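As structure tokens, here come the structures.
In the two complexes that follow, chain A is the common piece, with chain B as its partner first and chain C second.
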Partner chain A sequence: MSSTPLLEVVDLRVEFETESGPVTAVDGVSFVVDDGSVLGIVGESGSGKSVTMMSVMGLITDPNARITGSIQYRGQDLLALDRDEWRSIRGTEIAMIFQDPMTSMNPVYRVGWQIAEQINAHTSLSRKDVHLRVLELMHQVGIPDAEQRIDDFPHQFSGGQRQRLMIAMALSCRPRLLIADEPTTALDVTIQAQILELIQTLTAETESSVVLITHDLGVVAEMADSVQVMYDGRIVEAGTTATIFNDPRHPYTWGLLGSMPRVDRPRPERLTTIPGAPPSPHDRQPGCVFAPRCVHHQPACDVSPPLTERTGDGHLDACILPLDERASLRAAVLAPTGVADER
Partner chain B sequence: MSAEQNDNIILRADGVTKRFPLRSKGLLRRTTGWIHAVNDVSLAVRERETLGLVGESGCGKSTLGRVLLRLLDADAGTIEFAGRDITNLRGEDLRRMRRDMQIVFQDPSSSLNPRHQVGAIIAAPLEIHRYGSKAEIADRVAELLELVGLRPEHARRYPHEFSGGQRQRIGVARALALNPRLVVADEPVSALDVSIQAQIVNLLADLQQQLDLTYVFIAHDLAVVRQISDRVAVMYLGRIVEIGPSLTVCDRPAHHYTNALLSAVPIPEVGSVSQRERIVLRGDVPSLANPPSGCPFHPRCPAATSICATDRPPLVARTADSDEHLVACHHPL
Partner chain C sequence: MIAFALRRIASMIVVLFALSVIVFLIFFATPGIDPARQMAGRNATPETLAAIRSNFGLDRPLPVQYLTMMDRIVVKRDIESYSNRGVQVIPQIIAAAPVTFSLVFGAAVIWIFASIGIGLLAASLRGTIWDPLLMGVSLIGVALPVFWLGEVANLVTQQRFHDTFLFSWVPPLGYVPLTEDPIGWFTHLVIPWLVLSVLFVGFYARVLRSDIVSSENEDYVRTARSKGITERRVLLRHQLRTSMITFVSLFGLDFAALVAGGALLVEVVFGLPGVGRLTYLSLAGLDLPVIMTTVLYGAFFIVVASALVDILYAFLDPRTRTA
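Entry: the complex of A and B
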């Protein structure tokens, strides 16, 4: 592995000026994506996970937004790029797929044309070669009868097929980094399984790195090498997927894991819940972002805990509770086997 | 359903079919075909139980929920509620019956009028059904808000002032206003964040206990359905393919479709994929306008044989000694 990581984000802060005052959507986020790795970013709505990656993609163009910090892609500062320089990065180096393919495809253009547009923007292939490349891509993402369907419109495809076409577009120029923002949230589980498998095989072939944004811890466990959990604009826990699931350290992560009903475990009488609702970004308090909803909250939590390594295994968390104390608290939330309830 | 359980059945559907016309383009809009959204469905819901209705988008589960409530008229079959045939109920009779059956919708932001105060939203069913004086209605609204974990003073606020989870609580309060016996909840938690989803699932379970409610819980998420349901019905292309006790259907499924659905649910555990055998179904769900012959699942089924393409398997008991667990498959697991 080279010394320069593929992507390095340092102290990223994204602020929006609104009528009711400034809103900090991302509040000092730092992370690294290595070559050929899959990073999962997990969080609920409003946690800042999408805004973080939209910044990396250069898609925050709101004049009221203020982005500070640094985003280095292979040593190049993305925040310093102008529009033309962005064009040489977006698509060829970094590509993105979104939750709803219907809103990111143009409904009045034929899908073949839309995929070809990507290729034309970044390469100088002949018309015939572009056509062949489009067919090859459609075939690769598993669209049956690509020759017949290349001139169809987006609405003529099913939701799962549209997501396949989005993936074809995103991967058309073999980007080194694919950002997937909730790519399967709108799909049924059996189709989700197909799409996740497709992302896995195709990115493995091109050795691309993936940043997967999702609220579904199950999807992350399946796909990611490392995970960061975001809450209210901050990363509260980050580490390898194995540690996040086998030895989670932050009370918010426990809450998330506990509130997911599971098909593979005995059925508990009740689900564990996180009390309260996700905070509004307007009323950010000093101190730990999760403190207002944390059942283990104590006075010391009113001092903002930094995301630091506390164990020597490279795992980061932002919680001030002593580690030995946390183990017993966690056991209470995440009993490995719930109470079997044969109603 | 065996005879001794007959007496506590609150809702029964028998051979219910609902189809929608496919019309040609142009002026005449001639009917060119039919979408059989619900096809010959029979089921019974027992008093105070939760029946989960699960399946992928387009399987007909929401249409069935609406037909059961008489929000849509069935094209064939009968619906019985509390021992009475309600299939053709009209006018005042239908309205009176509606007090006893209510619905909670998926998206609380589009099912609550943004221009009305929460108090007015919850009071609407009370006013329509002439619950009582203004003061009595206000008291009932306050009581309902507390019941769902909100505060009485919230009555004067507007829906946009609430979070998604709180808005769903308002939707639940409105559904419970008239003390219904049956609530159909159509994807009530799928628009919510994980931590909020768990709160609403627990709330629904608590309310069921307190108020002796019967639920038909419609969802695509098997994990949520398994958590809340006593019994589960799995739908595919407008038909029930498996029905039985929740833990039996989810932990020892008999239909290959149920098994594939379960195996596709991502598990928040490292290495879960390798431990479990995942059945990745090929292809998309076929169109309801042109459903496959024989067993509707046969084109995607890993166990299909020639008989599956020609003969539709009936929904029959999985074992001879119990008629609790029914499956429609020639080669059950």
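Entry: the complex of A and C
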């Protein structure tokens, strides 16, 4: 592995100036994406996972936003780039697909035109070559009869097909990094698996890295090499997918895992819920972001615990509970009816 | 697309027919009103009334009356004004239409370009002082009464400053046909064009700006940015293009309403012998045959224009084509 990672985000902070004071959407987030890896970012709505990756794309156009920290893409600080320099990275080096394929394409242009627009923005291929490339992409993402359908409008495609077209568009310039922001949330369950598999095979072919934003832990378990769990603008736990699922250390992660039905474990009578509601970003308390909803809350939590590596295996968490006590506390959440974890 | 256009034209024909029936019923079958007396104007002699009755077949059943009227307006075109004894109505309208069309067409060119320019500028300067400034000026343009603005323009260009180098080129009020003297046509009309377009420039610029600004939150605009195309291209090819859908549908109806006689005040103020002025004079003189014919003429333009707008709309927004 080369010494400079593909993407390195250090202490990213995104604040929005609003009428009722500043709102911190992302609060000191740091992470690394290596070449050819898949990073899953998990968290509930409003946890800052989309805003984090929108900052990496330079897509936060709100004049009231203030972005600080550093975003290094292959050693180059993106936040220091001017608009044109950033534009030459966006779409070619880093591409993005979005949550709702029904509204992600411009309704008034033909789909082939929309894919070609991106290719034209970054290459100087002839008209004919662009046309052939668009057809090739449409074949790759599995649009039947691409020759006939290249001149159709977005509304003539189904949701799944539109997401395929969005993937074709995103991959049209062979990006090194693909950001997928909840790519399957708006789709039928049967289509979801197909789309995920498509992302997996196509990015494997080009050896692109993927950042997968989702609140679906099943998707993460399936796709990601490493996972980071975000809550209220911060990362509360990060590590390889195996460690996060086998040895979750943060009470919020326990809550997330406990609220998900599992087929590989005895079925609890009731799934766990996390008490309370996500905090409003307006009234941020000092200390652990999860403390107000945490059942293991203690006075020491009012000082913000840093994201710490405790075991030397790259598994980070932001919780002050003693490591040896956590296994029993966790079992109470993940197997609330007392059914044993191991058989 | 072609099938849609044909369907739309067919429905236009149906609407035109229904419209002519309604106009006919209003003028000929309003209970308690004798259409012959209405048509004859003030101080009509019994002979005139009798002539009108036989002329329009008023003693015969309504469907026959309708056909007689349509025959005289559309086929024979010999309908006459009674208060303005013996003057044929259709030639009057045919003479007035090019004047109105010249006025409205020129104003429309100004208002399309100026409002797109101002709307785009304001939208792309959002967050600076220029945006509220441009929108404020537009609002003033919307609020100015057009007849007052016209009179002020006349006062300035015809009287106060007419002898200065600025306005010495402005000819006296009136109209010169394009075919006779293109330069005279232009100089006679340029002040009325500006006056007529002020309201529309202001209104359309505001509509366009707000459409563009709200498209900022659309997913497809975010997608366009994520492709790495230039900001300029995002604005012109994506945001402006989709915002033109509202613009065009408003434009078609406003344009038609003006051609149909809505530019009445400007025509009167600038002494342009157009359809609006004709309507105005016939209303003042209660000249029913003229009123009836100009109403039909106006309705015809509005219906045709709205059909054209729908066809253009389908071209702009492919989602509506199958509807």
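Basically, the second predicted complex is superposed on the first by the 329 of 343 C-alpha atoms of A that agree within 3 Å, B and C clash if a C-alpha of one lies under 4 Å from a C-alpha of the other, contacts with A are read in each partner's own complex, and residues count from 1 in each chain.
Note that contacts are C-beta pairs under 8 Å (C-beta built on N, C-alpha and C of every residue); 3 or more make two chains touch, one makes a residue touch a chain.
Remember, predicted model here, so these are calculated numbers, not experimental data.
Engineer: Kindly classify A:Asp302 by the partners it touches after superposition: chain B alone (first), chain C alone (second), both, or neither?
Structural biologist: In the superposition, A:Asp302 touches no partner, neither chain B nor chain C.
Engineer: Answer with first, second, both or neither: which of chain B and chain C does A:Ile89 touch in the superposed model?
Structural biologist: second
Engineer: Where does A:Ser45 make contact in the superposed view: on chain B (first), on chain C (second), on both, or on neither?
Structural biologist: In the superposed model, A:Ser45 contacts chain B only, not chain C.
Engineer: Name the contact category of A:Phe153: first (chain B only), second (chain C only), both, or neither.
Structural biologist: second
Engineer: Once bound in the complex, which stretches of chain A touch chain B?
Structural biologist: It is residues 44-45, 158-161, 188-194, 196-197, 215-222, 241-242, 245-246, 255-264, 267-268, 270-275, 277-278, 342-343 of chain A that touch chain B.
Engineer: Of all residues in chain B, which touch chain A in the complex?
Structural biologist: Per the stated touch rule, the residues are 56-57, 163-166, 193-199, 201-202, 205, 220-224, 226-227, 230, 246-247, 250, 260-262, 264-270, 272-273, 276, 278, 280-282, 284-285.
Engineer: State the interface residues of chain A toward chain C in the complex, per the touch definition above.
Structural biologist: 57, 59, 61, 63, 83-84, 87-92, 95-96, 98, 100, 103-108, 117-118, 121-122, 153, 155, 166, 169-170
Engineer: Going by the contact rule set out above, which residues of chain C touch chain A in the complex?
Structural biologist: Residue list for chain C touching chain A: 127, 216, 218-220, 222-231, 233, 237-238, 241-242, 245, 316-319.
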